[in-house]
Structures are given as structure tokens and as C-alpha cells.
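Two complexes come next, and they have one chain in common, chain A, joined by chain B in the first and chain C in the second.
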Partner chain A sequence: MGSLAKRQNHFVSTLLWMIFLVAIWEFTAWILHSVVHINSAETKWPYFHDLVINIFQNIPVLFEQGSITFGKAAQGFIIGTLAGMLLALIMSFSKSVKYTLSPYIISSQMIPVIGLAPIIFGILRDPDLSRIVTAGYITFFPVTINMLQGLENIKPQQLELMRSYATPSWKMYTKFKIIAALPNLFSGMKIAAPLAVTASVVVELMGAPNGIGVLMLSSLYYGEAQAHMFWSVILICVFIGIASFIFILLLERIITSWQPEFHRERNET
Partner chain B sequence: MDVKLEYEEPTVEVSVRDVDKVFKGKDKEVTALKQVSFNVHKNEVVSLLGPSGCGKSTLLRLMTDLLQPTSGSISIEGNDPKYARLQRKLGIIFQTTTLFEWRNVKENIELPLEIMGKSKRERSETALEMLELVGLSKFMKQYPRQLSGGMQQRVAIARALSLDPPILFMDEPFSALDEFTKEKLHLDLMEIKRKTKKTIIFVTHSIPEAVFLSDRIIVLSAHPGRIHSIFEINLGYDRKPEIRETKEFFDYITQVRSCFYEEGD
Partner chain C sequence: MKPTSVNSIESKQTVEAESKLKKITTYNWIFKDYLFKKSVIFPVVFGIVFLFFWEIKVFHMIFNLELYQLPTPITIVQSMIENWLTLMFYSAYTGTEILGGFILGSLLGWIIAMLASLFPSIGKGGVTVIASLNAIPIVALSPIMNNWFGDGIGSRIAIVTISTMAAMVVNAYKGFQSIDGNYLDLMYSYASRKSQIFMLLRFKHSLPYIFAALRINVSASIIAALVGEFFISSKGLGFLLSDQIQIGNMPLAWSCIVIASLMGILFYNAVEVTERLCIPWKNS
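Up next is the complex of A and B:
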């Protein structure tokens, strides 16, 4: 009962915060539009309610283009996650592979997406594939690093126990190390999920026939006339990013429901 | 006339001969154990007692093939520890809870059997039997996080017993528990010893615990770890809590304690 009240309390405070933020937004817009009278206020700081109206008016196109971007990002994310897991497993299995690959893995992340996207696009010459590959490329790094940390930060006495059972090395992974590393894997995935969406959008800005990035670009061309559309697209991007993060969060709760952190409330009451 | 002795020579279960263990650090070597030799007989409870840093946990890891001795030899039932480990003849219980958080109580107990490749039915039967033995049948569906420290250690004991190893190695299994739980588990261990006839090697830094549980206490001193003295504890086979009130019990404690004062200042 205590936890339910606490949850309600949490919900109410979140709601109040959102209302407060929207109020601040509207107030700032009003200052810029009607008090200070800055030039082209619509492009710089439109009213929030105008954006909401615009989103509702354009729901079909936003949804269509948004789901294309999300779909490509999701495909890349899945491939990147699998590749990242595989890489982490190989690196945890062999120290020499780990030390050989580490510098390359780190330097791979030194290339900014904005520079990488045209290269990948130039090589693949296919907008769909480019989006998937770029999203995957961004995903694998946090997944590998976090998963590897999980595979290595294993409780030493659990490891000794498994050794005392004469556990064959593949069972050491399937029955123990991989499961113990799942919370870390999810941490990596939570970082990667919104990044994969951003990567997909960046490729679209470079030239793709469809997707939320194209919508962003075309609304930019028309300047003030499409200002609301531009801002709406940005909000949709934020929404997709948050939604993908929350999706991973829920997945983690379902797959690793055993994590003690998920049961703390019950223990305290 | 020849007198035939009715005395049966006890079987040596574990034999440690002239064992040295040196840990090589970056620029210095640490001798953890020096010239350690002793035997443990079948059905015997032997405690390795000493202050932290005396190498008692290291010794346990040498006997269970988790570490290798620098020199000397160890045999378990006449073979080397590695063979015993691969034959799954070693049951180990650690101080910290080593239960797997993602498995419930029953699944934790089944894990070693699962690794051995036993059938599902066999696993389940053994697990239920072990749960009965440690009195946790009602809790088989619970997860480790839902159990108290004492219950978790009982599950760990049940899990170690599930492979039916002839020897149990216990590394300070009760030192993280409160005094009441500890005393309860001492009695549980007595009962398990009586029912399963295991040989038990018990690492501890508590003198009363060692005296209450052991047939013999091997006292180790630190820097480097070596055997200081060995005590026979003749308090009978099946010990009741009342023993803790007797003069003999206190006398043994005083005797053992004196080892630590004569050298430690």
C-alpha cells in the first residue's frame, strides 16, 4: 500500500513538472512574440500549443515517416546489439583478442556520425542499408563495452563455485556469465537505443527518399512557412528516442525480473 | 599369544604434504603458506583456525584445485585435487552468498546437477531431498533476495550436498551471520554430519565455533602461514547445545586461545 501511494505521488509530481515546463515554454514564447517582438519569432520559439496542433494536423505523414526512421533504426539496433554481444563474448574469451581489438573499437567511435554517414552512404549507395548500418555501427560500441564489463565483473566466489563443479567453458557462459552480464547488456542497450534513432536521422539528412530526417530537411527549405513543421519533427524525434529507451527499460524488467533493484520497494515495506 | 587389535585404522581422506604457497606480486613475493602438512580422516570434522592472513582460505583453495601449490603435494582420496574436482567430489560453501540471483531456491540446488547433465526428474528428486534435509522445502520457489542470510547459507549447503561429495569444504560459512543464526546453523550442520556422514573441512576465525564443531582443530599462524599446533577435541560425536555450558568446552577454548597470545604480544 505504501508503494502504491509512493507511485501515485511520483506520477503526480511528474505531471506537475510537465505542466510547469509547458507553462515556461508558453510564457517565453509570449515574451518573444508579443513583448520583445523579435524577428521571425515563429522559427526561433513557436508556441507549444501551435506545435501540438500542427502535430495533430499532420499525424498521418509524421507517423508514416516516423515509423520508417524508427524501423530502420530498430533493424540497425538489433544487428548492432547482436554484433556487440558477440564481440564482447569473444573479447572476454581471449585476452589477446581483447587487447588487439580495444584500440580499434575505441577509435571507431572517434569518427563523428555526421562524417561517417556520407562515407557509408557513398560505399553502400542504398539509403535503407545505410541507415541500418549506421544505426548498427553506433549501437555496437556501448553494447560491447557494457557487456564486456558485465562478463568480467563477475562475483569471484560464484566463479570459483562454477569451477568447482568442473563446468565446461560453454556452460560457464550459457548458465552463468551471460546471465550475470544481462543487467550490463541492458545498460548498454539503453544508451544505444536513442543514439541509433539519431544515427538513422543523420543518414536521412544526407539524402534518403523518406524518413523523419527528410521531413526535417524539407521543412527547413521553406523557412518560416514550415517552422511549425520543423519543430514538430524535432519533437517527434525526441518522442521516438524516449520511446525506444522506455521499450528497452520494459524489456529489461521482463527478461531480468530477478534483479534485486526491481524488488527493493517490497523489501523496504 | 597374539592379541588382535579391534582398532580400525582411520582412512585418510585428505592428505596435505609439505605444501608451500608463494604469491608472486609485481616486485615482491608473499609466502602465504610454508611447510604445511596434515591429514584429514574419513567422517572427521577438521577446522582450520587462525587470524586473517594466516592462509587458511588459501589452503582450502589449494585442496579444492582453485589454486595450485608452489611446492608439496595434496591428495584427495588418493588422487590429486584436480581429479577430485573433475569427478565432482568436492562440495564448497563460501562465506558470502554465492546463490545465483536469477534462480529460485530449487533451481539453485539443481544447478550442479544440471551442469553434470542429470535428467530433469533426477535433478528435481535430488533437490527436493536436499531441501528436506536443510528444512527449506516450503521455500523452494523463493528467490535468494527473499531469504535471510541464514536461509541463504542453508540453501548453499543443500546445493553443495546435491552432488553427494564425500567432503565438504566450508570457508567461513557462518561468519557473516548474527550470533543466534550462527548457533542454529551449528546444530543444523551437526545434524547434516550425522545424516550424511560427510568429512568436513571448516575454515574459521572463531575459536568457540571451531571447538563446538570440530574433532580436530588445526591452528595456523600468520606471516608466513604455517601450522602452529593441532588440538583433538573430545566432546563426543553428536554434540548438543548444552555442551557450550560445560567446563570441558571452556577448557578447550582456553587451550586454543593460548596459542594466539604467546606469540602475538
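Up next is the complex of A and C:
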């Protein structure tokens, strides 16, 4: 009962903050539109309710373009996750491969990998393929790093227990190591999910024929007349990013439900 | 007199011999334990082989690419040398955006986390809302910031600020909150004031978390600056990158990537050195 109340409390406080921020937004918009009269207030700070109305009016086109962008990002994301998992497994299996590749994988954390997105588009010149490839390789690095960390950070006591059962090494992976590394895998996926969406949109800005990025560019091009459309596109973009993050979060809760942080409230009471 | 001098000569010799021995052992240490270690030699050889295969166009053959699609490493270096003045100027411009936004965003995030941890009952929801900034694609932010701050350097600094803030808020808040109750009890038993608890306990405890956020923010800030420049800009590495791709000058586009990556590695190591100086107790 106590845990439920606590969780509800957190939820209510988050909700209140969101309502508060929307209210602040509306108030600022009112000041800019009706009190200060700044230039091109519609493009700079439109009313929130106008945007909601606009989104509902244009829901078919927004949904269509959004699902194209999201679809390509998701395809790349799945391929990148699988490839990253595979490489992490190979690296944990073979010390030589690990020694060879780990400095490069680690330094991928320091460099702006998304900078390669336009170059990949330049090489492939195929919008669909380059969206998938870009989203894929951007997913690949964080997933590999986190999965490898999970595979390496297994407690020695647990390993010894498995060894004492004379577990064959392939079963060690399928029954134990992969499962133990799942929480780390998910934290890698959580980092990667919004980046995959960004990658997909960046390729669209470079010149794909469809997708949310193209809609963004065209509505930006028409300026004041399309200001509401432009902001709606941005909101949809934000929505896709957050939705992909929450989707991974839910998946994590379902698949790795044993993690202590999902039971914290129970332990405390 | 004599014995002492002999003695001193002898001692001098032993010192020399010792230093020689030391030199040899350092020599051995460098070669055996450092340079010939598997973890060093494997990646170096791999890197050289990779670049060599790239140079003799093995990848071009495998993936059926032309030179105008994927330039070779030597042409990239050549174009870097040819355009070094432009590249240096643009790197300084982008570097200013990165550093400015990085400092501003991290500071702002830290202040927000501090406020939230002082008033946790209302702060926790606020942290969740700000954490959702993390999930916003940067491309969505850049046109808004262009609308607000114009197409100058300010809009990119704002983009970098926002994309570095979220990680700092989340991590610093975690650092401020995740304190062993025993420490707090001890502080209470000394009748410490809230400000003292904050300065002596919470702040120090949160330092590793803060540096973890700073390390995340290194690449986040560079990515944000580059993507911000893809959009509307007339200067900077990101602008040059997308511009050169549009006109098909791939070697120069690649040099932008190389420079941005070098900046990232340099910046990351600078953060790590600062971390070691600020938290000497972490690794000991």
C-alpha cells in the first residue's frame, strides 16, 4: 500500500510539473503575443493549444511521415542492437578480438559518430538504406560497450557456482552470461534509441524524399505561414524520441523484471 | 682522506651502475610490459592494417565504391593540409560553441539538481521531466533555437546547453540523493546545518557522479554542435561537413570528421585528468 502511494506520489508530481510547464508556456506566449508584441511571435513562441489543434487537424500526414522516419530508425536500431550484441559476445569469447577492438569501441564514446551520417548518405546515395545504416551503426556502439561491460562484470562467485556444476561454455552463455548482461544491454539501448531517431532525421535533412525531416524543412521554408505546422513537426519529433525511450523502458521492465530498482519500494517498506 | 675518496668513487660507480640498471629496467618495462603488451600491439597493428587496406582500395573493391564516394586516407590528410587555415578557424568557432554550451549546460544542470535535492518532495518530478529532455532528438531543437537566437553562435550554444543539461541533472541528483543513511545520521548527531551537510557530505559524495555526467557530455556536446550547424549556419565544422558533401568534396568532409573526433578525444582526456585531480580518493 505504501509503495503504491509512493509511486502515485511521484507520478502526480511529474504530472503537476508537466501541467505547470504548459501553463508557463501559455502564459509566455500570451505575453509575447498580446503584451510585448514581438516580431513573428507565431514562429518564435506559438500558443500550445494552437499546436495541439494543428496536430489533430494534420494527423494523417504527420502520422504517415512520422511512421516512415520511425520505421527506418527502428529497423536500423534492431539491426544495430543485434550486431552490437554479437560483437560483444565475440569479444567476451576471444581475448585477442577484445584486445584488438576495445580501444576503438571505447573511443567511439568520445567522438561524434553522428558526424558520419551525411558521409554515409554521400556514399550510399539511397535514402532508405542510408537511414537504416546510420541508425544501425549509431545504435551499435553504445550497445556493444554496455553489453560487454555486462558480460565482464559478472560476479566471480556466480561464475564459480556455474563452473562447479560443470556447465559447458556455450551453456554458460545461453543460461547465465547473456541473461546477467541484459540490464547493461538495456541501458545501452536506452542511450541509443533517441540517437537512432536523430540519425534518421539527419539523413532526411540531407535530402531524402520523405519522412519527418523533409516535412520539417519544407515547413521551415514557408516561414510564418507554416509556423504552426513547423512546431507540430517538432513536437511529433520529440514525441517519437520520448516514445522510443519509453518503449525500451517498458521492454526492460518486462524482460528483466528481477532488477532490484523495480522493487525498491517493496524493499523499503 | 684517501679511503673516503675511494669510497666516494666506489659509491659513484655503484650509483652509476644502479642508474644504468634502472634505465635497463625502464627500457624493459617500456618494451615488455607496455609496448609489447597484447592490449597495445593488437589494436595498433589492426589500425595500421585497416588504414593500409583502405589506402590500397580493398574496401572499394569489396563494397563496389568509387574514389569520389570514399576517399583514401592520404587524400584526406592532403586536403587537411591544404585547407588547414579554414579548418583551424572553423574548429575554433565550433570549439567555442562546444565549450560554451558544455560549461553553461553542466552548470545549469548542477544548479537544478541542487535545488531539486534541497526540495525533494517537489523536485523529483521536475527531475523526471528534465530527464525526458534526454530523449529529444537534437535535430528537433536546432530550428527552434535558430528561431529564438538567430543564426549566430548563440543558437548553437543554446542547443549544446540543453543537450548537456539533462545528463547532468539526472546524475548530479542521483549523487546528491544516494547517500548512506549512516553518514546523514552522523551529521545530524553533530547538529550540522543543512548547508554544512550539503557542502561537506552531499557535494563531495556527488563528485564522481558529476564527472560521469561530464564524460557523457563530451560527445553529446560535440554532436549537438555539429548537428546544430548542419541546419542553419555559415561557419563551423558541421557547416563545412554538410556543405562539402552537397558539392561532393568528400576528402574535406572527412577531414571535418577527423578533426571533430580528435577534439572529442582531447576533450575527454582533459575531463579525465581533471577528474583525477579533483577526486584523488576514487582510484586509490
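Simple rule for what comes next: the second predicted complex is superposed on the first by the 257 of 269 C-alpha atoms of A that agree within 3 Å, B and C clash if a C-alpha of one lies under 4 Å from a C-alpha of the other, contacts with A are read in each partner's own complex, and residues count from 1 in each chain.
As a working rule, a contact is a pair of C-beta atoms (placed from the backbone, for glycine too) under 8 Å apart; a residue touches a chain by one contact, two chains touch by 3 or more.
Quick caveat: nothing in here was measured; it's all calculated off a predicted structure.
Of the two partner chains placed by superposition, only chain C is touched by A:Ile111; chain B is not. When the shared chain is aligned, no partner comes close enough to touch A:Asn210: not chain B, not chain C. Of the two partner chains placed by the overlay, neither chain B nor chain C lies in contact with A:Gln149. When the two complexes are overlaid on their common chain A, residue A:Arg163 makes contact with chain B while staying clear of chain C.
By the touch criterion defined above, A:Ser67 reaches neither chain B nor chain C. Looking at the shared chain after the overlay, A:Ile179 reaches chain B, while chain C stays out of its contact range. When the two complexes are overlaid, the chain among chain B and chain C that reaches more residues of chain A is C. In the superposition on chain A, A:Asn58 makes contact with neither chain B nor chain C. For the contact definition in use here, the chain B contact set and the chain C contact set of chain A share no residue. Partner chain A is touched in their complex by these residues of chain C: 38-39, 42-43, 45-47, 65, 69-70, 121-122, 124-126, 128-129, 132, 134-140, 143-144, 147-148, 215, 218-219, 222-223, 226-227, 230-231, 238, 241-242, 245, 248, 250, 253-254, 256-257, 260-261, 264-265, 267-268. The touching residues of chain A, when paired with chain B in their complex, are 155, 157-158, 160-168, 171, 175-176, 179-180, 256, 258-260, 263, 267.
Across the complex, chain B meets chain A through its residues 61, 64-66, 85-88, 90, 92, 94-96, 98, 100-103, 111-112, 114-116, 143, 145, 163. The touching residues of chain A, when paired with chain C in their complex, are 10, 12-18, 21, 43-44, 95-96, 99-104, 107, 109-116, 118-119, 121-123, 193-194, 197-198, 201-202, 205-206, 213, 216, 220, 230, 234, 237-238, 240-242, 244-246.
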